[in-house]
């Protein structure tokens, strides 16, 4: 199968490849405040798994109605940081979190805070689509039901969530079928519909597209851009181009090996507008990473 | 391609061919002999089962009739004596056992998998304790049952439920371990999906984990029960050693006997008729067992395909 | 017919059974009877119970096999109505029963003999003295061949089989032959409760010798050969129904017993069964391979029952 | 930040209601459920405690009457001998070991071989059929094996014993023999050994196997040089558990091994094992309260202690194995 | 931790990012024959897992003493193709291979061919370093021992292999220690040493660096370039920059969903010199992929 499509993109010629190349940023000239108006914030966040220091001193601010991307090589603690935000790390018995995580200026690790309540405000979408082994309808209705959410009509609510997740047209005739009957990309959108069904404030996404094909990926990316109108989105991705395409701000993490033990601790290298990170990063390590020298 | 390269390629090709093809590697037969030995090992185990069945079937053949399960045991009329009371005794034992051990075992498994903090010494202690209990000789449970259930604190007497309870303790660890296995095999992504929506832990367990774990639990439970059904030694100690010509009339009342006990009884009598009955009884017991195992395997295959 | 909730003592109120039986005859017996004890006596009592239940279908008799001692243990704890024994009750057991307020009576229900059996191919012995048997079986015996028992016997390796140390048969044999209960050589094959195993053992080895209940000799047919034993009177007596009943076959002839409790005998069905057991000693013994009671023995037993129940 | 409620909506926020992260209810029901679940888990400890109590109390009584020196000695085993009793449990231990030894001679090679076959050779489909059969085998009632030993294996051994062997070994066994019980018990244990060993082997990361195949190893080399050494602690654990099961097995020895408390490791001798003694004696003739009666519990306690130690070793080995690869 | 290293690379400014950027190719002007002199070749290779058609009609030629990279999105069958080359797919019970795989013009799936012997000629290094739980020395000596290779001195041979794998200096004092005592990168080099110990002709590598940090990655990349002098290397990688840096030729795969079943079948899109693939790809899909539009 050889392509007979004429090339649509002007390409730099091969001799130009010695120059460092970077991903395309979606909207470099957008008018984004220089500092995010934080709906969520971490201060001196440190995470340990048992004795292992996984993440060191992370200070981040996540702006309202913005998409923030966390990028960095494997094992640098992106997922770990993400899971701290809605206390999913509580479920890892060995995990210990130090520092402060603020949500609307409330410390989510505060003594009176109920992690369940935190998760009701901060939804999550995972790397591998994980629909429940139930019908499509029940997948979406599950969240509202367990948190005892008052809705006028569950049917309407489910429909609305599936519409928001750009899935309604594809599934409206088979709401009673199992969530597993959908394709990978549809499953992932079902999970997004499920997450927004409880009306969260923030949606965390951990590499939501890494198992999907180009078409499904682009559907999810479009969806994210739409959801940004109503939600604050924080996304972990391996795909720099994806970060460049969808995010407003990007945080770059890397891992530094401990000299004696060799354990690698993750740390935040640089956090800035996406256009800045992919355009003129201020740190050599960011530069190396986005130009593909490792990772 | 100049001629030097070509010659080189040709010679490389020849050597490679010689090397790659059969027979070049010496000692191939070793692998074959080894494989044959391994199969032999497996066959030893299976052939013995077949021999047990055949031997019992051949010996018990004259008595493999409906009377065997329709009639009560009889000393006078050995030709048509049966084991109905033993069959019913076993059924009663099993019902009492299931009702007791499944709720406790599944609950314990849920606790250990979902709530217990493995870093706590007492959780590890319970864990160790369960594992150890799983390998305690069954006769020791007989002693326990005799001392604490039939007599001692519970003083139930030699009733069906005393036997059920003794067997319950015996299979409890097996049920816990199987249920834990089933719970553990529920993908963590499912749990995270539910918890990430703000469901509480128990909601997550009840709505997501348990429904997915049920097939595994049922399978494990049936396998554990099929072990219990053949247990003889503890029952000998807790009072099922009885010649009874009627079925149990309750869990807390009267005398009972059970299939394996009846078989043991008959096997240790001198008269040939009883020996034949014992062998026929073995076939009945094995049939019950195979039926239970088949159900377990069927459930496992049916549901593992779906997940 | 479940009489009462108290599984230990069985039915206490006969009327309950009448309701359930739904039979028109008011004197129809019903209720549960718990019997336990000697494995030797078990087949006998089972036979008696079956015969009795054929006539009284609403009575249910459960016969357990815990051994004479185990039976008394339950009996004296009030768990059973009738205990079977292949020996007389011991002082400890009497004490235990007394401590628990259980009164009882000893009733002979059949005669049994212990037979000394050898391989059918054994052609050198027909009659043995107690001393010879003792030489083979006593604790610390060094006999390894027949010649060690008696130089007249050939130099055939001696192989001994006997019931388990936990059986009444064992107690009886050791006391009768070795003069002390439990006194026995370390070098015998203990075959537990399974007397038939002794038959198999003896039939498989020319030099083998075993002691087993007489009933098993009958059941074993010609797999083994029972030998004569020289009795107190110095006569060689072969074990048989007549010699045992007559008491000529000694010291290895014995009686088998049941022990009903006084409390249980207040229940008409237990009383009826116990009387039935004694009166039908013949047919039951025949079915189980024992030797029935003589008339005097029967009468003696019935008198005891009568005395215990005050002639009810 | 002591309060978990923040009433002031942040600037630019469109959320009007105050944000609260405190628990919306106390969830007492949930706590009660967890309490119940914990009790169920703790129940297993109660069972162990029950075992210890029910064994220990009479065992102490036993040692009040018989000195430990007598119990743990080679003196005669004659607890029934009223005149000259002996309580040298050593003979029972040797009897137990005798049967166990012959069981292991069968079970270890066959179990390991079966495990290697299932783990390294069998196709997935074959494994799917064979593994459940193995599980069925594990569940065959031991009384069936016992009857089989007594009525089939014993006569076979008696008829076809290799009498050309020298000395004691050449004598055909009697109706009861360690060999008959041991062989059948060995077969009974094969599934246990095989299934635990197979678990251990299949837990060996497939990366190791692939590495070995990638180097041109044959299947046999992969199995014997890579997988078995890598799974060794799990395999040893299965052996120890096999020993533990052999020691604790009752019905087979009760029916086939006999009851002669002989100090013998010969397969053609009849032996008295600890379990046989317990089962026989506790269903037998002895009166409650006699020293003999307490002997049951002393032997039971010893049996429990022995299997307990083996289980612990086996659990520790399995754990070590898991730690390496999980 | 902010970087104070001055940026060493000239960077295009942010506004230039709209243009498509590609990884840097190592040696674009190198004199590489236009067609590889194949030591190994696949013809109409199709692979099935049960009913699932994983790879469709792959025709590839692997040149002697060249490094060939296989790239493409996740699940497009790169590993599957690689495993066909030394018959590692034989170990997957459900796998079925159709078509021809030639090694020195001999069909490795031919009736008389012994797969064990094939693997002795074609070594393999895996994604996750998988040393045996044995000493470092025994890891390297394992291969020669099992194939019954005649070596004058095993010690010398082990040393030489460890030297070739650039590991000798780091481990020479602890040859008796377990292979697990090494760091991730060292373990991977140990696996390479182990693979070359049997003197194979070709070395297959399936994402050998994907679990490693930048320093370890670059050590392995250097090693590959050295090994190329003596071996033919075929590498699967997710990291396009890596392919660009080390390989002589690149094959780009993608996956096409079946219209009815939705199953995704992998296929070869383009195979050419690396400089061509990353410079002027002739297929739109290659273009999309290397410019990061998906994957």
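Labels for the chains are A, B, C, D and E, by order of writing; each one numbers its residues from 1.
Definition applied: contacts are C-beta pairs under 8 Å (C-beta built on N, C-alpha and C of every residue); 3 or more make two chains touch, one makes a residue touch a chain.
This one's a predicted model, so the numbers in the text were calculated from it and none came from an experiment.
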Required steps from chain B to chain C (each step between touching chains, minimum): 1
Fewest hops from chain C to chain E - one hop per pair of touching chains: 2
Two chains sharing the most contacts, counting C-beta pairs only: B-D
Centre-to-centre distance between chain E and chain A (centres being mean Cα positions), rounded to whole Å: 31
Length of the line joining the C-alpha centres of chain A and chain C, rounded to whole Å: 84
Distance from chain E to chain B - Cα centre to Cα centre, in angstrom: 47
Interface hub residues of chain E, defined as touching at least two other chains: 116-117, 120-121
Residues of chain C touching at least two other chains: 65-66, 192-194
Residues of chain B touching at least two other chains: 28, 200, 241, 267-268
Residue numbers on chain C that touch chain B, as the complex places them: 2, 5, 7-8, 32, 34, 36, 42-43, 46-47, 49-51, 53, 60-66, 74, 77, 79, 192-196, 199, 216, 219-220, 287-288
For the chain D and chain B complex, residues of the former touching the latter: 27, 30, 33-34, 36-38, 40-45, 47-48, 50-51, 53-55, 58, 106, 109-114, 116-118, 121, 128, 130, 132-148, 150-152, 184, 187, 190-191, 194, 218-220, 223, 241, 244-245, 247-251, 254-255, 275, 278-279, 282-283, 296-297, 300, 303-304, 307-308, 310-312, 314-315
Chain E - residues contacting chain D, complex: 86, 88, 91, 93-94, 116-117, 119-121, 123-124, 126, 128, 130-134, 142-143, 146-147, 191, 194-195, 198
Sites on chain B touched by chain C in the complex: 74-77, 151, 157-159, 239, 241-246, 249-250, 252-255, 265, 267-271
Chain D residues touching chain C - in the complex, by the definition given at the top: 76-85, 150, 158, 174-176, 254-255, 258-262, 270, 272, 276, 280-290
